Structures are given as structure tokens and as C-alpha cells.
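Single-structure report; data block below.
We call the chains A, B, C and D, going by the order they appear; numbering starts again at 1 in every chain.
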Amino acid sequence: MSSTFGQVFRIHTFGESHGGGVGVVIDGCPSCIPLSLESIQQELDRRRPGQSEIVSPRNEPDTAEILSGVHDGLTLGTPIAIMVRNSDPRPDAYHEMATKYRPSHADYTYDAKYGIRAPSGGGRASARETIGRVAAAAVARQVLDAFHPGIEILAWVKSIQDLNATVDPATVTTATIESNIVRTGDPAMVDPMIDHIKSVRAKGDSVGGVIECVIRNCPPGLGEPVFDKLEADLAKAMLSIPATKGFEIGSGFAGTLLTGREHNDPFRMAEGAVRTTSNRSGGIQGGISNGENILFRVAFKPTATVMTSQKTVTSSGENTELAGKGRHDPCVLPRAVPIVEAMTTLVLTDHLLRQRCMDRRS
Amino acid sequence: MSSTFGQVFRIHTFGESHGGGVGVVIDGCPSCIPLSLESIQQELDRRRPGQSEIVSPRNEPDTAEILSGVHDGLTLGTPIAIMVRNSDPRPDAYHEMATKYRPSHADYTYDAKYGIRAPSGGGRASARETIGRVAAAAVARQVLDAFHPGIEILAWVKSIQDLNATVDPATVTTATIESNIVRTGDPAMVDPMIDHIKSVRAKGDSVGGVIECVIRNCPPGLGEPVFDKLEADLAKAMLSIPATKGFEIGSGFAGTLLTGREHNDPFRMAEGAVRTTSNRSGGIQGGISNGENILFRVAFKPTATVMTSQKTVTSSGENTELAGKGRHDPCVLPRAVPIVEAMTTLVLTDHLLRQRCMDRRS
Amino acid sequence: MSSTFGQVFRIHTFGESHGGGVGVVIDGCPSCIPLSLESIQQELDRRRPGQSEIVSPRNEPDTAEILSGVHDGLTLGTPIAIMVRNSDPRPDAYHEMATKYRPSHADYTYDAKYGIRAPSGGGRASARETIGRVAAAAVARQVLDAFHPGIEILAWVKSIQDLNATVDPATVTTATIESNIVRTGDPAMVDPMIDHIKSVRAKGDSVGGVIECVIRNCPPGLGEPVFDKLEADLAKAMLSIPATKGFEIGSGFAGTLLTGREHNDPFRMAEGAVRTTSNRSGGIQGGISNGENILFRVAFKPTATVMTSQKTVTSSGENTELAGKGRHDPCVLPRAVPIVEAMTTLVLTDHLLRQRCMDRRS
Amino acid sequence: MSSTFGQVFRIHTFGESHGGGVGVVIDGCPSCIPLSLESIQQELDRRRPGQSEIVSPRNEPDTAEILSGVHDGLTLGTPIAIMVRNSDPRPDAYHEMATKYRPSHADYTYDAKYGIRAPSGGGRASARETIGRVAAAAVARQVLDAFHPGIEILAWVKSIQDLNATVDPATVTTATIESNIVRTGDPAMVDPMIDHIKSVRAKGDSVGGVIECVIRNCPPGLGEPVFDKLEADLAKAMLSIPATKGFEIGSGFAGTLLTGREHNDPFRMAEGAVRTTSNRSGGIQGGISNGENILFRVAFKPTATVMTSQKTVTSSGENTELAGKGRHDPCVLPRAVPIVEAMTTLVLTDHLLRQRCMDRRS
């Protein structure tokens, strides 16, 4: 029951970091949507390791195969299964981990929950699990384009540790973000951020930061009142990404320092549409999109794997020490940008289709 | 599809702020759980308006009635329906709202979504909708006590605008929190916070703040990997509460300023159990509880209803102005404390029952 | 988890036969659908006891109240809660049942499952539970009329024990069916069926029979391949009605006696539409409606409550005897006709809305 | 949303008859369950074509691969993905079908629903889709054995057209059923049934029949009241199998000919357990198992593909004729026996795990 996401556009992911492969089954994708393997592969390439000098050097091509649900470049309306074979495993690097719990990883909690655990590579807790999400979101993106063209979803690195980028969510472009390997939207911060990540890695340490994401041209009326508020589903989507520790939308935690008069977003008519003249609501009011830019931030903790010795215990209950081995990201944020976009795309597509069921105007 | 929460312990809420009543149907509650109407009413009394001098003076007794699922003080295993009649409506106070969108409320987005809207009191967007959640959580609390005694769930006001409470999550007691009408856990901040709320109200303005919540004695192994991570479900639960803008767990956003070496929680054996010597993870690793205190914070924006004139538009698309009327909370946090606890209780109960399906040791 | 039906148009029923009341919460009803309390009450009146001389004389008005989700005769898009208070309870009639299991009732199995049981009237196993279904279907009917006018759903008594009605599914009218208290579609069988039911009741015995149901003017394309085939969801819906023992669609069990050549339905163009010249498929092929009449039959066993002594055991495990008391239907079929129609309406409405999510042409 | 089955033990199937492959993702399988590829392959071999002289000669090995969720012969608690590559496709055989609708197949309804259709082999409507179900049920079987050893699930051919087998559900063995290629439980009917199928095939025609299934040693208390009655979920499961037209449990349609006195099952204590002395209820009362044998029958229509010319229409709306080609089963029942068992196993496993959530005694 744990690996399904979405109500109408539903995805089911599978796969451990080591083993036969990882992937996703998408159920609820409308028929006759144009879909190419290339559009999926392109997104997978944005999240794969080995893509730049500041991410994990693990060299996996992550080549996708579509097993079902597509014919002659069009979706059939039936489940779309996408698989990526695992490759380049180095289980030796994980030998010590089989008996020693890595601090701030999921080794201990998996044992506590299941009484068993994939012995290498983190199993389902590996970042590799996100391949299925990214592949599914590439499909969802085509659905958005078919049903409501013009919706833009962009994420970027807002901060690395204490280095902050200055980015205008209304105008930042994918080209700017993708032009640098750290995936920030502020050209002035590219080199400082890269240098900082390299410096931290050289010490065997790691860093985290904040990713910001905007949805532009979102139609009003998406999201459900009460439990499935659009921001609630976004919060869940973001906190389901490994290494995340926080989510805030619009004014967020800083908004608690304002008074109501300062915080409220006045309404004004503009070109025949109801608009707000400020956007502390972050584009959502009462759980439902209001047509303004939807803007939120996600906190990522520093990578748990560090290359120095740390105190821990064995699975048989003895105190010991453990130092990280293997090939890891000193900072997950550059590769997490497409994952934040992917989860956002999945939430929005699901809510767009949910609204279609109900809306007599559709 | 929007008013259901939970996978196994499932609740379905209903009701507008004005109309016949509000309530909840709980499906998936185990049988033979002791349940009294008093235990439900007690929690409803903690969230009802008119309970103190710093909350809305709206005088509603919010008297609960159990319609089904309980016999002679024991649950039957069948759906438990709980209803609270609406009373003391003053639709006059909402007359202007029928045609003018209140800034930073859900009036406009409901119209955009549904093409219709309950004409007074906010409908499902009213805080009154949370009655069903609180009633359901009072039932869930009995399930926790029956299946896993000793789990404690406490929330308190951590800050009101820029007034910060100092509270030790490991030792704070319900008695301390409930001893003051602002529901903070820091006795030194009770008077300053109350004074500040009164002062803001006197100006027709409003304030927000942060609520902190701890789960103590949570067994390890609860929560699911991937999408239904325990923190992801908590994030969704919290962002589904009206007026929330952010969620963070453990180190949260501040954790992004640390390096991995500083951030990681070392494991150590203690009294035969695997424990961590710090808790920046906030009690959850890889989406699964690790037995430490689960600690998170929720940002609440200042109440949208303020008593001064604000710019807005009419439902027919004309610019206008609107000043708040009616009886409102100048600060939602004192009444939101039991709601945060309620949603936390619902998430935990659901995951406890989910784990029982799967666990051969149960 | 047991009292929810539907994927998009979702209903949650609650209530025991004795206790506060029974009802339903409908989540997923589109907004702006005209809805009157009268249209709901009218359907409830068709299923209530005391309506004629051949059903249970239990005199319950079953008066519905809409608690939420409707304003000024239009649905709001929010959950619609409908409640019917219980009345006229005679718990004395059930005194002996508290300790003796009624043969072929659910008393023993409820005890086996829950370890507890509503002590009188059958609890959730009472036919009274179907009130919520019928009320919800009256709402669904309005949705069908709004989104796809012209769909007709009619059920009738096809047989009572060995008395068989001759009915043409293509032409039978509601007026014919409702003109007689047994609700058969064959005027020639009205008196024989009524006489037979009275005769059986006079002996303290009971009878069952078969109800047939047709959906006319169903658009092609409804129903899902694989698990949620339209006939699979209809089968589940029908077998969820108390006292049912079988379901067959189109040619049904008799179809197993034909060869493929005899059984296949040839396609032919007619007035620009693809039609079949026979309908052994029963209007569904591969789980999806083909535009022909959907026709199925449901077997109802004889009422379990008979007025003569039967062998049984006590809840403490001793052999004993028990004779039926209270006011019961000697034959459930006349009152089951609106329930069969209700469940059919719920299945069809759900599939209609499901199709809207997916269909680019909608 | 159409390819998921189960609430707790959830399976998601994928794949068309032609294309990359077919398979299943199982989510909700408990951890530490012994699982071998052989146990899965063995069940797939029972349903594969080419296994005997009376089924389709299509020669597909249907070799399963486990992609995830299993390590060293134990389940990990994470999703188990199982894939079977497609092979031996002969799309030429389906050339004419691309434009002509096969009578009583799903070609037309898929076009009506999706506006597109896999051009060969029936896509998701192919019997090949059941591979995922059978593989998943082989896993479920291990869960049953681990949590509640001794449950037996056996299906057999009860009739082929008008040839009826005499089988005692209480004593029939898998060895008897598997000893003959038609999979009947009556040795005397083996040769007549085989001869009849061969004779029908020789004429280019096809036949159907009835499969009967028993669950022995089912614990009392499984199944949910109201919508998810055990017989309702079984009915849905059976009607979701291609070519099924009816389902009946216990006394079934014939039970409508009895009076209540004749039909009721008296209770009697036997070896300390509550038992019934007859079993017209078919092992389920009020939707919940009562500990007796659960016995039901499923009607299968004759195979739609026949080798003689039939009237039909083209996808562009012209009357035409079409004769079956390719390699098909003249009678689906021998291969449907393991599919009936598989769906039964899935329903029972799901309900067993559902009951564990709720049961304080588990």
C-alpha cells in the first residue's frame, strides 16, 4: 500500500537500488496522448548520477524501456509500465553496511519495520527509487500539455547551506537553471555554490539546502477542500522525497511574523480576471488554486553518507563505528531539482484529472 | 473524493459552517474499543469557540451525538457516525460576503472550482469543518490506548508572531499546556502572548505563529517507505488544516545550514534498545519511526478576517472594498492546538493499524 | 474500510437497524446538480417497510434529512450527508436473539468477526442498512440526468419461487412495475405472485426469487477493462445486497449451453451506429458497455426469518432451538427492486464520472 | 484506476498481449515470506497455452522474472514486480482484425472507450492479461500458508456445455483435477469432455461451461459487512475474468426455488465449534465466512473466436464479414481453472490481511 501515489493519475513504483531493476506502472493515463521514449529518457538523464563533477560518480545510464500501454507513439489508456534495469552494482562497497546501521539512513528503521532488509544499496530507501517517479512525471507532463497547454513547472536551487540565490519566480527560465550543473536560477551564485560543494566533498563531508519551485499558468479551481488541499498534496509529495525535512508555501514560516492586514492578498480585476496584487498565499487559497503563481520551498538535509568515522550500532546490538564508502552525492540538491519538478507535475496532473470528473464545464 | 482521510482507519467528514450540522463517519475502527461520548465531547470543547477571552466569542456548544457503531460503551467494528448540530448562526454577518470575495479566504477559489458556494460562513472552508476531525481523533485515541498504551501526543503554541516560547518536548505536560488559554508550554510566555493577542484584536488586526508537536513513546517501525512516509503523511495532515503555510520535522529548514557530519544522529545502545544520541531526524528515518520523539512544527498565517477595509472584487467582477464582520479569532493558534493533536493522532492510528496487517509479530 | 462504495462518486454508509439512525455521506458529487429532498424521499418510500400487505408491517416512515452539501436546491460539490432517524424499535422482539444465533442470519459470523454484536435487529446486517444506498442513488440519479440525460434503469421481479414472469426488457415501463405491490413487470403474474407470498406467510414460511434489471440508453464506452469491468462492478454491487446468492448477465448460466457460433452477437450498422443484432453479451463486451441494453438477473434466497422452530446454538456454545419473532418480510423481492435499481445507478454514475476524467472528448 | 485489485494485498497488472511484456506489481505483501521463482512459474505453466492438445497451440513459455521485492528467497515487504516477456507474436494473424470488429470481443468497445486500440491480439482484453493475476496469486498463496496454514483452494470444470461432472467439494483433490487435461474433478467425465472439445474444434466452433471452486478450512470471520462482503468480492473477482457471464454461491439460482424453512442452515455444535448441518449459505453469512466450505460456481461463455465467417462491421462503419484466424482455445475452461483459483486466492489473502488490522486477537 506504500508505493502508490495519486487518485486518478495513479502511479505504482517498484524496485530496489540493487536487483533486477526499478520502474513504475502508471494507471489512469488518458488515451491518445503523444508519448515518446525520448521525452522520458531526457528527464531520467537530468536525475541520473554521473552527470556532472559535483554529483555521485556512479555511472548508470538508467536506460528506460516502455513495456506496455503505448502504441505508435500514442498512449492506449491502459497501464504504462516503464522499467530501468539496474547496472554497475558494487555490492562490495556495502558489505560493512549489512551489519552496521548507517547513521541517519533508513537501515535501522527498515529492520525495525520489516525484520529484513535488502543488504546493499539502501533498497527502496535509495535515491534510485525516484527513477519511477521521474519517468511517470514525464508521462504526466504530456497529459498536462494535451489537456491544458501552457502550465510551466520549474524548480531551482535556492540555497546551498548558507549560500542564497536571488531568483524571480515569475521570470526564471529552464534555460537558466539547466545552464549550470548546480541547477540554481541565480547566475551569480553558480560558482560559489559549486566551489562550496567541492570543498565540502574534499573534507569527506556533505551539505544540504533549499529548493524552490513555481507553477506558472495554473488554472484556478484545482485542488480539493479539506484533506486533499493542493498544498497538502504538494507537502506530502515533497516530504516523500528522500532527505527532505520541511515544506512551506507562499509566505511560509516567515509569514507568521506578519499581521493579518500585512499578510492578506487584496483582490483586483485585471484584464477581466480576478487577480491578487500580492501573493503571500502562494497561489492557493482554501486548498484550491487561485490562478496566481504557486510557489513553495523544500528543505533538504545534508547527505547522510559522510566519509569519516561515526558512532553507530550493529544489527545485533553492539556499539561500533562506521565510515561511509561507495560513491555518493556530497549534495543531493542538483539531482533533486528534477525530482521536485516531477512530484509537482504528478500532483498537478492528478488534480487536473480529478477536476475533470466533476466539472460540468469541461 | 476530497473529504476522506486515512487508509485503514478512515474518516469521512461532512458539513458546512451553516446548515444542518457537521460531523464524521469513521470506517475501520476495530471492535470492542471502549468509547464514551464524554471523551469525544471533551476534545470538542478544547476546539470550540467561546472558550476563552482570546478566541472568537461565537457561542456554540458543539454538542456531539453518536449515531452508530457504538453499543454499551464499546465500538462494534461498524462505521461510527458522529454529528454536531449547527447553532447560533448569524447569516446577517455574512450578507456582504455573498457577493464580495474576502481577501485571503476561499470565497473566490470555491466559486472558481464549483461555480457555486455556500453563501455564508465559509462553508467547508470554515474552521467548523475541523469538528469532525477532532471527534474522529478522540475515537482514534482510544484505539491507540487499546493497541499500544503509552503513546503521548502533545502540541503547544511555540510562537505568536515574534514571541517565542521555550519548551522542552521531552518533558512538557498536558497540564502545563492546558493551564493557560493560549496553550503554550512556556509559563513565562503566557501573559505576553495573551496581551499581544488582545492588543492586536483591539486594532482590528490579527496574528499567526507556530505550533510545535511531539509524539512520545512511538514504537519503531511505523510509517511506510516511499510515498506514505510518516513525515509525508504528517505534512499532508498539517497542511490540510486551515491557515497553515509550512511544516518542518526535526532539524527542518535550519538543518540545511549544517553539514552532514554535524547533522547525523549517531546510534548507541541504551537499555537494550537502539537509540540515537541526538535527534535531528525528528524521530523518523526513511519515512519510518525510529523510536525517538517525533517532533515537528507547523506555521499558521495570521487570521484572514481583519476588521478594517481591504481592497477586493465582487463575484461579478467589479473592484470594491470590504471590512470584516462577525465574530472571529484574532489568532487561531490556541484553538488549533487540539486540531494539530487530532490530525497527528489520526495519522499515527492509521499507520499503527496498517503495520498490524503486515507484521507477523503482531 | 467496509462501508465505502465507488471510486469517484463515493458513498459511505453508516448505521445499525436500532440506534440513533442510519444514513450516508456522498463524496464526489459534482456541484450545481439540482437536488430536492422529495426526490430522495420518494425512493426511500419505495423501499420502506409497511408499504403494502405483502411486506413487513414494521411501520417506519424513514424520513430523510439532508445535513450538508446542498443549498437552495443545488449541490455544492461538497459532501452530502443524509440521515434517517430510527424509530418504532421493538427490542423485545429480539431478546432471545441476543444469545441464540438465528439460522442463515449474520449473528454468528458477526460474533466470529468482531467479538461483539449489536444486540437487536441485526445491526449492519439489517435490510435497514440499505437506506443509505437508496438515498445516495437518488442523488446519483440527478447526476446521470445532468450529465447524460435519457439513461433508464428499471428492475422488476422476474420470479417468485417457481412463478416466472414474462417481461420484455426493451419495453417494460416503470408505470407497469410500480402499478403492482409485488413489482413484477408481467401483469398476468401479479395475482399469482401475491397469492403465493400470502400463502407462504400464512404457513410461517418464506420465499425468494429472481430480480431482473435493464439499463437502457447507456452510452458505449463505460466500464474499465480488467478488474473494474462494468459487469464485475455490477456483480459486486448486487452480491453486496443482503440475501443475494447469484448474478448473471446477458446469456448467463444458460449461455454455457450454446456453442460460440450460436452465442456470438453479430455487429451491424444501424442509423450510423454500431449495433449488435442479438444481445447475448448483455450490453457489455470486454468489461465496457457497447450501447445495447445492459441486462442482468440477481438471485435472492428465501427470507431467513421463518416463524417455526429451528435448530441452532447459543453464543455460549449450547445446542438449542429458536423460532422467528418480530415483523419480517415473507419475501424480500418487492422491496429489493428499488435497491437493485439503486446499486445499478451508483455503479453507472461512478463509471460515467470515471470516464469523464479520461475522455478528451468530454 | 482500472488495473488495481485488493485493498491491503494490492496488485497492479500491466501489459498487452503483444508488446514488451505483461506482469504485475504487488504492493502490500508482508515481509519475510518464503518465495521462490519456481512456485510462481509452476502456476504460470498451468495457465499457459500449448500445455495440452485441447488448448490453444500458441507456444509461449511465459517465463517469469522477479524484478524486485525479494532477496535470498524471502519477501522484503516492498513491491514485488514480476514480468513475463511476450514472445512468438504473429501479428499477421491479426491483420484483418485491425479494421474489422470481431463479434463478441472487445474490439469495438475499446475503440468506443479510448478512441485507440492495440492493433493486434486483443491488447488488455487478451487472456494473456491474466498472467499477472496468476503470478500475484502464487505470491498470495505463500502469504496464506505463512499466516494461516491449511487453507485449501481448488477449482475444477463442473460442466462443458451440457456435460456435467459429479464432484464432491469436500473431498476432491488437486491430484485428481490435475491428472486430466480438461481439469475436471470427475474421472468419468474426462474422456467425454475431451472428446466433445475436440469435436467442436474440428467444426471450427467453440464451447463454454461452468467452473466450480471450493475454499476449505477458511477461518470464520473473514469478509466485511455491507459492500465488501466476501461473496461480493468473489463475484467481482470472477466477473473480472474474461468470458465469464455469471456467478452463484451456495444454493445460488436454484436456491430461489426453496422455501426459507428448506433453505436455512441449522447450527449445531461439533467438536467445540459452531457448525451448520447443511451449507446452502455456501460458507458465507452476512458477507462473512462462517467456517464451512465456501463453494461457488462461475459461468464461462463459449470462446468468441470461431473459424467460420460471421457478420460484423469495420471500424469505419461498413457492414462486412470476418472469420476467426490465429491459434485459439476451442474451450477456455481448462486454462481458466488456475485463473479462478488465482482470483479466489487474491480475494482471500486480502481479506485475511484486512482482518489482521482490526482484530485484537491476532
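As a convention for this text, a residue touches a chain if its C-beta (ideal position, glycine included) is under 8 Å from a C-beta of that chain, and two chains touch if they have at least 3 such contacts.
Note that this is a predicted model, so its numbers are computed, not measured.
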Check: What chains do subunit C and subunit D have as common neighbours?
Finding: A, B
Notebook entry, point to check: Looking at CA centres, what chain is most distant from subunit D?
Noted result: B
Notebook entry, point to check: When subunit A meets its copy subunit D, do both sides use mostly the same residue numbers (more than half shared) or mostly different ones?
Noted result: same
Margin query: Need the CA-centroid distance for the pair subunit A / subunit D, whole Å please.
Written below: 39
Margin query: Suppose each chain is reduced to the average of its Cα coordinates; what separation in Å results between subunit A and subunit C?
Written below: 46
Next item on the list: Would you give the residues of subunit C that are in contact with at least 2 other chains, written as numbers and ranges?
Entry: 1-4, 8, 13, 28, 31-32, 77-78, 113, 115, 124, 225, 354, 360
Notebook entry, point to check: What does subunit C use to touch subunit B in their complex?
Noted result: 1-4, 8, 10, 12-16, 19-23, 25, 27-28, 31-32, 65-69, 71, 74-81, 83, 113-119, 123-124
Checklist line | Residues of subunit C that touch subunit A when the two form their complex | finding: 8, 28, 30-32, 77-78, 146-147, 225, 353-354, 356-360, 362
Note to self: Residue numbers of subunit D touching subunit C in their complex, please.
What the structure shows: 1-5, 7, 13, 101, 103-106, 108-110, 112-113, 115, 124-125, 129, 159, 161-162, 200, 205-210, 220-229, 231-240, 242, 245-253, 255-269, 272, 274, 276-277, 280-282, 284-291, 299-306, 308, 310-313, 317-319, 354-355, 360-361
